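One structure follows; several queries about it will come next.
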Amino acid sequence: MNLLASDITALWLTLQLAAVTTVILMVIGAPLAWWLSRSTSKFSSVVEATVALPLILPPTVIGFYLLIAFSPDNFLGSSWLALTGQPLAFTFSGLVVGSVIYSLPFVVQPLQSGFQHFDHKLLEAAETMGAGTLDRFFNLIIPLTRRAFVTAALLGFAHTMGEFGVVLMIGGNIPGETQVLSIALYDHVEALDYQRAHWLAGGLLAFSFALLILLYGFNRHKKSGVKQL
Amino acid sequence: HSALTDTLSIATASNFRPVLEQLSQTFSEQQNADEARHKINISSASSGVIYAQILQGAPFQLFFSANESYPEKLVASGHGEPKTLATYAIGKLILVSRYEIDDLEGEDLEGDDLEGKSPTDILLKAKRIAIANPRTAPYGIAAMEAMDSLGVAKESQSKLVVGNNIAQAWQFFHSGNADAAIVAESLASLAESAAVKEQQQRLFTIDLSSYLKHPVRQGRVAIKPVSPLAQQFLSFMNTTIAEKIMTDGGYLLPTKGKDITP
Amino acid sequence: MSGDKKIQLAVEHSFLKKGGAQKERVQKKSAQKANSQEADFTLAIKAQLPSKGITAIYGPSGCGKTTLLRCIAGLEQADHSQLHIGADDLGALPAKQRQLGYVFQEDRLFPHLSVDGNLNFAWKRRFSDNGPSKQQVIAWLDIEILLDRKPDQLSGGQKQRVAIARALLTAPRCLLLDEPLAGVDSKARNPILRHLETLAENLSIPMVYVSHNLDEITRLADHLIIMDQGRLVAEGPLLDMLSRLDLDVTRQESAAVVLNTRIVDHDDRYSLTQLALSLDSGVSLGSESDAQLSVGQLSGEPGNTVRVRIPSRDVSIALERPSQSSILNILPGVISEIESIDGARVIIKTEVAGQAILARITRKSMEHLQLETGKQVYLQIKTVALLSETLN
Amino acid sequence: MNLLASDITALWLTLQLAAVTTVILMVIGAPLAWWLSRSTSKFSSVVEATVALPLILPPTVIGFYLLIAFSPDNFLGSSWLALTGQPLAFTFSGLVVGSVIYSLPFVVQPLQSGFQHFDHKLLEAAETMGAGTLDRFFNLIIPLTRRAFVTAALLGFAHTMGEFGVVLMIGGNIPGETQVLSIALYDHVEALDYQRAHWLAGGLLAFSFALLILLYGFNRHKKSGVKQL
Amino acid sequence: MSGDKKIQLAVEHSFLKKGGAQKERVQKKSAQKANSQEADFTLAIKAQLPSKGITAIYGPSGCGKTTLLRCIAGLEQADHSQLHIGADDLGALPAKQRQLGYVFQEDRLFPHLSVDGNLNFAWKRRFSDNGPSKQQVIAWLDIEILLDRKPDQLSGGQKQRVAIARALLTAPRCLLLDEPLAGVDSKARNPILRHLETLAENLSIPMVYVSHNLDEITRLADHLIIMDQGRLVAEGPLLDMLSRLDLDVTRQESAAVVLNTRIVDHDDRYSLTQLALSLDSGVSLGSESDAQLSVGQLSGEPGNTVRVRIPSRDVSIALERPSQSSILNILPGVISEIESIDGARVIIKTEVAGQAILARITRKSMEHLQLETGKQVYLQIKTVALLSETLN
């Protein structure tokens, strides 16, 4: 049965949001996690705890505080407005900012854990061959902690896809702009339109399942090449 | 502003969304016949969330709340246009239960408060009663009030399962986890018309409106600045077609005199 | 490139007790803290190495050889560290800018890359184009058939060979080798040693070669640093060091001296080559045959200089020139020094055509033959002992 | 200002729920993750994808389907009722089941990623010393992938603490039984009782922050002992 | 325990081409698939080892030594594998139940445990109480001062010593050692070798000792397996193997024979010990001094049997008994076999008092002395060459 045009829009928007968020998360998260995994300063414990905080608060509550922070009356909201000419709340950009904050621990934690197991000896070897920081990062750390990167990206992406509370609060459920799939799906359930909810949820599940199997199958295949990793 | 791209953003309490969707569809059909093309975006959430969002500058033009106080507060804070403040609907409170007819020795309980088959019996017999959250949802407050009037408030207290809103209370009941629920008539009619038909079990619905001293009055307001399209939509709400849609959806209409027309 | 450039080195480094304290190393207040923070191990080395040829670092397990190499490479945050190669001051540079090649004690192959991938990693980042080509290095280390394998599909010795190849491919300005041949069998070892020598000679890449294998060192090195417990015990050109009776190296089971010789003639019939100990071909033609050695046939032209190695355990002493013996090499010499090793054995240093040869014999023989400083003797050296131990 | 007694109750309940859930998650998750990280069968890809599925669906929707599954009309609900004499919906046990399902990927993924980097050579060495599977698991794998375990437990615990949608759906908001902190907090926000919401959120944040700093500080301290890990 | 138990071993194993294919190894259909799935390397070994003493496995890098050990330990899923120690069939047991000790080619110390923790890990899980105590092992390997360190704070040689100690502490019923001394210097090496021998003797723990160091093997092993390219080349008691001219081991630079001798007398003045080659003290007392050797003083009583090692490069041949030479050991012998090594060198096997001694000399000397089978000659063996190379 039928997925309405609005569902398609929501799906598309969700994928965009999840993709953009994941990219930003990886770009921010990887160096952050690396630094956290190497630093021994006390300050880094504070940063580590701060990054993990969004884990503790319920998403709607985070959303509520973000909503307040995004208000043009407050620093974040007003500076963003001044910089981009657009408000943060109730816009796609706002969703991205919110999702990044909310999903950051889901990316940083697995990466950090992966980096912690990284064999420093290989980095030293690369260093003697003249490999600089970025070189080592892209040619050693990423391939050797591939699994941690996959996990981080997956958790980040999926968490953004399934996110609900934050998006509802700061997004305002505006079709085409901030109405993501999770909210549309919730709306169907709330409107007792169970059939559509089933279809949408089923489709989403089937799609995700197929994607995950592909991803894991591929991962597993590659894995057997490098036994110890 | 070309009429072609005009957009009307309406925020509504979740319980009114299905009816509002029908309303906006009918409205659009009428308007588009006049070649004034536009788009209506409906956003739903709980009234409290929408209220907070409007305070933070959410781009909504109309707000259909599940109570009267949020629209009033918005007017007081200067966000709402006082002239558009109105009660647009009165919710009907009903009790639904899954008991077989035999269980209650009655033939047809629907609509009537038959002797011996009172809501009190049902509420006393139920193991779990689903209601909306009385702290946040108007129908929750109403449900508590009704149980108070029925004199079962104390006995029911430990059986209550509280949904965030009536839709959730309905799901508690509908999924079979609660055997009775006090919800809005609008939900029951929605359920009647949609998926519930497939379900073999018959529902019992008992109107509890008569047990309420404070019926659930749902208020609305337009957010400043009020666009012509918003004005048009509010006018449309007073047409008979619109009123028919609302009553079919399980709402009572407020007395005409209280309405404010532009 | 130029012969009088030097590698100057001064390193001090301590591993403090307690794992965690290591990072929070005392810096300014080292003077006061030094006693309260006891060190597990302290390295303090100051040395000048020739910028050409191979310098061996020799010392027992745990004496700090690896730590020294790590300090040179910039991998260990030494407490004090100075490093000059010629005029270049490398001491302050991070490891990645020092342009040194490092063969680690454990292979550190990248597990996600094939052997070829590992080689390419180095080749792409090579410091200059003066180094050997990939083809050459692969041939030298005989790893052609391993190119497609992942490191975890290699045997121990194969991994080490790949690691050496990888380090060579970066065309470093100095090569640091930490026991690179420990897991390599003797057959595979010889060609690798030969190519390392060639590199050091022809490409003037100086090498620092850590080993506790004296055989390997005498065959390879030009310069020797002897370490113990983090300190420098002795240092100097290999030839001098190997004949210094005050050092432990000359008492070792595998002690040997290295001589500079000149090719005189080839004996094709018996596949032998005649070498003269006196380098100056003009001088004293008459006595030349006295100080000649037969070794397995070499490829050089008459007049070329070659180095040969004479293990002191292979040298015996006679008072008369022996005959009717399978020992071909009998050299006349004069005893210059006698030192006892233990109750049973002594080591005797003799001068032969201006060079020193050591002989290790029993004290019984010494007394029996009444050997003493200044006495004229004949040294018997088994020809065969020289075979396959020649260097050029 | 005042946290009501009900908030204290909710906090206590939340901690209990998070603790019980985390323990169950670790007990289920660790062997599952280990199997997934070692298995090369195609079947394991399917299991892996299945475990990850809750990531994709919005929590409220998962809650909705769990609610249906918990119904005495359905298999899970009825068997549970038959076994324990208690329904699953609107009970603490139900919350635990829901949280376990929902949070499973957050535990399995980091563990699996940690295990994937585990050096098989050490296990072989232990094997030759007669160490059996459990022995190796407790004496090698856990200490050597400690960081992954910390991450997994942390993500599992925090996610259960902050969980909202699922609990809202299957809990029924019963004080002392299923009204957890996230819902109480949400109620305050919805009821425009912002002051109480601020107090509660602030307290929660401060508490979590202190806890995390302790945890990370400790972790960092221990880390420096084992350099390569 | 009993002398006639044997370790029986039959292993076949292939590493197929392509990394991934390895796991999906052909099982039933191996016959058909065999050609389509080309193997990188195939191991096929069948051997019987004595259940007492030390068996050395010798072969070049990449010949399959490590793979063989892994198959014995049950770590490699061999295609076909049988293993019996005495009556016990271990072939089907998983690695953890085989009760074998394994010293891996790389140290595999647990990085999260201190040295002491690593030792305790093994000690807690020891297979029996018959093994050496912790104190003993720590003393043998001289690792007392390292106990508190983490493995990453150890030098290469220290790690290997700890790894050996850890394997000893499990009190295994058989010990597998994969080049355990590759990174250990010669000074530390001797005591370790001595203790390994003691273990093999006194506790009757058989050992399988992989090495490509012939020196180490001749000093340690009782039994020798020679491998090449995954196959068994030759196998037998060490003493027999070392005098077989058809084997490559006798042509190696470090080739040596091992002789059984009997202590005749001690010479305290010169710290020497006289050894007789004929074991039977009653027979031919008169000729005894003909077949006697002087070695550095040993601790045994007269009459005790000792093994000595004679490197063939240290043996020279004379037609008359030489005098006035520092060489004390001159044995009369009869040439039994002559084999040429290359153009320049030959190897000559002689019979001396019923045992074989090899001498490596130049072809030139051979022709010069007109050596041939059956000829009576004198073997000159530098006394000193025997010192510190004795075993008991």
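Letters A, B, C, D and E mark the chains in the order given here, with residues in each chain numbered from 1 onward.
Just so we're on the same page, a residue touches a chain if its C-beta (ideal position, glycine included) is under 8 Å from a C-beta of that chain, and two chains touch if they have at least 3 such contacts.
Fair warning: this is a prediction, and the values are worked out from it, not measured in the lab.
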Following contacts chain by chain, what is the lowest number of steps it takes to reach chain C starting at chain B?
2
On a CA-centroid basis, which chain has its centre farthest from chain C's?
B
In terms of mean CA position, the chain most removed from chain E is B
How many Å are there between the centre of chain A and the centre of chain E, using C-alpha atoms for each centre?
60
If you average the CA atoms of chain D and of chain E, how far apart do the two points sit, in angstrom?
56
Between chain A and chain B, what distance separates the C-alpha centroids? Give it in angstrom.
36
What are the residue numbers in chain E that touch two or more other chains?
19, 23, 106, 150
Would you give the residues of chain A that are in contact with at least 2 other chains, written as numbers and ranges?
40, 64, 121, 189, 224-225, 227-229
Touching two or more other chains, which residues of chain B qualify?
49, 52, 168, 171
Mind listing the chain A positions that touch chain B in their complex?
64, 67-68, 70-72, 87, 89-90, 168-169, 172-176, 179, 187, 189-195
In the complex, go through chain B and note every residue touching chain A.
9, 11, 14, 17-18, 41-45, 49, 52-53, 56-60, 165, 167-168, 170-171, 174, 187, 190-191, 194-196
Which of the residues in chain B come into contact with chain D in the complex?
46, 48-49, 51-52, 128, 130, 133, 135-136, 160-164, 168, 171-172, 175-178
Would you mind writing out the residues of chain E in touch with chain C in their complex?
15, 19, 40, 59-62, 65-66, 105-106, 149-150, 153, 155-158, 161, 178-179, 182-188, 212-214, 252-254, 267, 270-272, 294, 296-297, 313-314, 316-320, 322, 324-328, 342-345, 359-367, 369, 371, 380, 382-385, 387-389
Interface with chain A, chain D side, in the complex: residues 40, 42, 44-46, 48-50, 52-61, 64-65, 105-106, 109-110, 112-114, 116-121, 145, 147-148, 150-151, 154-155, 158-159, 161-165, 181-183, 185-186, 189, 197, 201, 204-205, 208-209, 212-213, 215-217, 220, 223-224, 227-229
